[in-house]
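Here come two complexes built around subunit A, the first alongside subunit B, the second alongside subunit C.
Take a look at the complex of A and B:
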């Protein structure tokens, strides 16, 4: 007997493909955006230009990976940009004027630790105190921003040339950026192949079912925020290396960018689906769009507007789909 | 087995550690134990298959089945191939009864309800349990799949596993079980070997041997009054073609076991869920796609979950009463008239309250439910839909609530009532439609409005007109 399974209908097949390869749409968008950019800027594919672009994308890329982990786990972090600012100024402040290797190592460790702790604090509030993620992280964003301004009231400080040069280096002939992206993807792959992988998706997908099955829901939530904070710390560190100085306001505008990138990468804002690869593609798309805007002589405020619209569309998506279904029924 | 609210599900929850008993103890292998969580029970080999699924929609079948006990290499790295292989083995148990889409890598959300239920059963089995509780686990399975499940149950028995089976399909219980324990009102009535008991005797054990007290006098005049609301061939995800007619001045009861589509029917009539079929109000064709349309046509809905659906709990009684009716009071709102009307309704409802401006959550459960009803009284509805309206309401308030319904019926309102309390349903309704598996199993009226007839029809037993 052939069973009439709903799995055979076209929308269901589409859903299956999208759930498994949520980054496919992002890949398509990226190709289109790159083509448009290539038409406007014919030297786009020169190694120097490409590498230069990648260098400006890296901090947001790290941040979007962090945001993606949190969103997949069913949360969201509006303070992630402030964590970037905080770690950025902590790193620069800790470096001071010395460039002894131990000082550099200390600064890096302090910066990453600050990011991890800030994220863990968010996670504690959301997972154990049951605060609303959006409000909680909106509030903590001001806490972290305040701390950043306390550490360094105005932009300043310097980063030793040795350290800054690392950013533009080419170990084994491959760009530093590619190394970082590869390492992030490998680490994610390892994480994904432990129990934490399915747990994260289960908690984001349907927390009650996950709890009933015995998944440590609160711990997974907390961990997702802590990991997000750690990635924000790496973004703050990367920013310190690119700009060569510290700035307590540098991270805040990146929050919306990070959410937009995750959404563009095919990750659902309600959680439980999507991933890192899509978010990285999302960052590249945003970067290329920015480049298009600057080459097409479009005012830069378009970028912010477009970001906002993308997030609104992503939020509207599921609602629109069910609305259309309702009309048909 | 047991009728609605007899405590079957609660008992299952206590055994699996989902709920804690107030008193008494659980013995496993003769030793007293207590479970603090479902995981604790699972460690001792007790798992349950519930109807409300515990699956994660966007994860694969294999990931779902092995969640929290994934096969691993070196303690920590997941072994995907092993996981898929073992899933494949489990799926073989249902081979031939499931569609080709049910694969280890299929996303659960894309599966049909019966396939999801099978995944749920396999998930329970993957824990290699000693005791399996199947709580209405057959509800969404077709007959072939049920046959296969029963073959498996027979195997499990020979493997020394214990199966606790609850089902609203009586013939299934007779097919699969050896022994039956009947619960009634939270107490054990008796235990019997199933080959020594008949369906009639079982129904008799499930119900009390008393006549249902009539809260309101049943009336039959309504049969001559015009049909107020009629619905034909209503289909939703749960309903499978239901016809309903309500006359003016009639209380129509919707009965049956829980979750047979009663709430769906009421929500459909209120325009709150998508449906197929035709609805006529006073002879005119209607198509409601939003509750506001049903409201302006004169239909009112009192939900059972008053906290979530019926009331704005932190706002005042006054605001709650007037919420659906503000349009009457012009622009700017004529607050004086509104307050007068509201206090009239409050006195008609006999509300026990501090003042109209007190927040609704300062009221007792019964009084709060009266507010939910009262806010519709201001609109003088033609049709009143009640979805288990007296859940958690004390006896005194219930009495007043019933009197309000009687007044409304007298005034010619057509009332459709679903109640999980069989006594209440029998006591209030002039006529009862019994739903089962999304279809109408039978209609009870006049002499047939007895508890045994209601229970027997709900269970799908043959003896439908027993009295």
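Take a look at the complex of A and C:
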């Protein structure tokens, strides 16, 4: 036994690194996917192409960050896509046809506030009323979707060109996308260094012990949902900038993608582990897979199937490796 | 003071009756025999699909099957395509669809038990695969036809004005009740739902039981697609999507805990009735779509507040 444990030190260390940095596997997967994409699409690394891709991924990326915060805190949010729709139509509706700076600021604040409040409502139901997260957020998804359809029954509206141009701009020579991702990561780093960081992981991992050691469990859980809602608001705003209009149905399909991205990024649905870096990588993986399929000349009708199978394999990959290891042991 | 403890299944049933009476008050004619049969028929589509969902959720371990909607659509499309309007081909078509549904369910189960992919994500991923499969099979346009015998046996009145599908649902209810209460599989499923480790230690074949459960869920979803097709007589690529989350909601409203190990299919049946009544009621009130969505969500939240709550940390 002693002998085998010394022989295993290197793999053991490797495993410890992998457990601690759950995003490493996702990083590996992303590198492989990017290489394949590069082989199929030689201009993949041109700044314009890269930037264009990032612009498509950004809304889901922001949303997955929100979902990741909620999942780390031990919850899940099936209404997050409806919150995106709601904030998206609120921003566009509040803009009207005006492009005065004060109107733009008002629209952005209203949109983000709506996201924050919607998330906080979810959090209140889950944390203080102790409803089951999956079914609660399923129920509220109808409420938020209904509100979105009430604000704007059918797609429409316009976004002032000044505001939409921001999305494709390059402040200080660096793409707006990179700025957003960097700011999100920095804010997350700051958040983790405060007391809230360890609290969030404690509440998600062991709510009972967290409660017994004096962590304000309900408040932390509510905050995680509110933050998730805020990020959904950012995603709704980003969508308004890219599409240039509002759509009450735009967000719903993004809910499930956001969960897939979080899991691909190495965050477990049981909570208390993982983080947003992996989730960002998860979104990039999903995007690159789609790009590979469209450049690999897969027949149109087969694309969804191939995409689905690759996503399943990527999700099952870690389990497959450990199954083989268990069989050998 | 002693508190009355009504079983969740009974609460849901009382609620369904209350909604029915409310419907009769709001809109005369809502509580007629014919409309009641129609609501039962609509509820049976959801109820049949939710049977599989009930089993999966009872098995615990965060079990859930989000691929049912896609399975319904695939089942309906396969039957539609193979039957092609001929009565004689209905049975073979149903068999093929059942086998496909079983395979999809089995892959779900294998991924969840052996590869340890969380059920939520595995079945979600499977939804993508099944949707892809549907596109490959149909190439975007569905050809075929529903057979006359299907609507005659399933959706038109068969006995005392009761549509066949309702009878199928009742029989299914009896079967599921028997399986859960009287067979070894049922006892094992409850045991796994309560505590996976102790179940394993007392000799229950946990993985095999769970794989079987997901397989059954896949097959029941296909049956749901079959009866739905006999009603709509037409298929489209999103036929089943709107049944996925309501099937989970029906299970929860029926008092089965999402944590597993507790609950009943009778409860789910009542839950399916409640949800269908709610939808019909909101439709007959001719509210705009947005108001309907909001009310549906709020009522679901209120239902949760009655018995969907989790334990207090302090106790």
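One rule holds for everything that comes next: the second predicted complex is superposed on the first by the 281 of 329 C-alpha atoms of A that agree within 3 Å, B and C clash if a C-alpha of one lies under 4 Å from a C-alpha of the other, contacts with A are read in each partner's own complex, and residues count from 1 in each chain.
Heads up, the rule we're going with is that contacts are C-beta pairs under 8 Å (C-beta built on N, C-alpha and C of every residue); 3 or more make two chains touch, one makes a residue touch a chain.
As the structure is a computational prediction, the values presented were derived from the model and not from experiment.
Of the two partner chains, subunit C is the only one that A:304 touches; subunit B does not reach it.
In the superposition on chain A, A:147 contacts subunit C only, with no contact to subunit B. Residue contacts after overlaying the shared chain place A:256 against subunit C, while subunit B stays out of touching range.
Among subunit B and subunit C, the chain that touches a larger number of residues in subunit A is C. Of all the residues in subunit B, the ones that touch subunit A in their complex are 37-39, 42, 53-59, 63, 67-68, 70, 72, 76-78, 80, 96-102, 106-107, 109-112, 114-115, 123, 144, 274-276, 289.
Remark: subunit A residues 1-8, 12-13, 15-16, 19-20, 193-195, 197-199, 201-202, 205-206, 209-210, 212-215, 272-273, 325-327, 329 touch subunit B in the complex.
Listing the residues of subunit A that touch subunit C in their complex gives 76, 78, 125, 129-132, 134-136, 138-150, 153, 207-208, 211, 217, 256, 259-260, 263, 268-270, 301-309, 311-312, 315-316, 319-320, 322-323. In the complex of the two chains, the subunit C residues touching subunit A come out as 62, 64, 111, 114-118, 120-122, 124-133, 135-136, 139-140, 245, 248-249, 252, 258, 288-298, 300-301, 304-305, 308-314.
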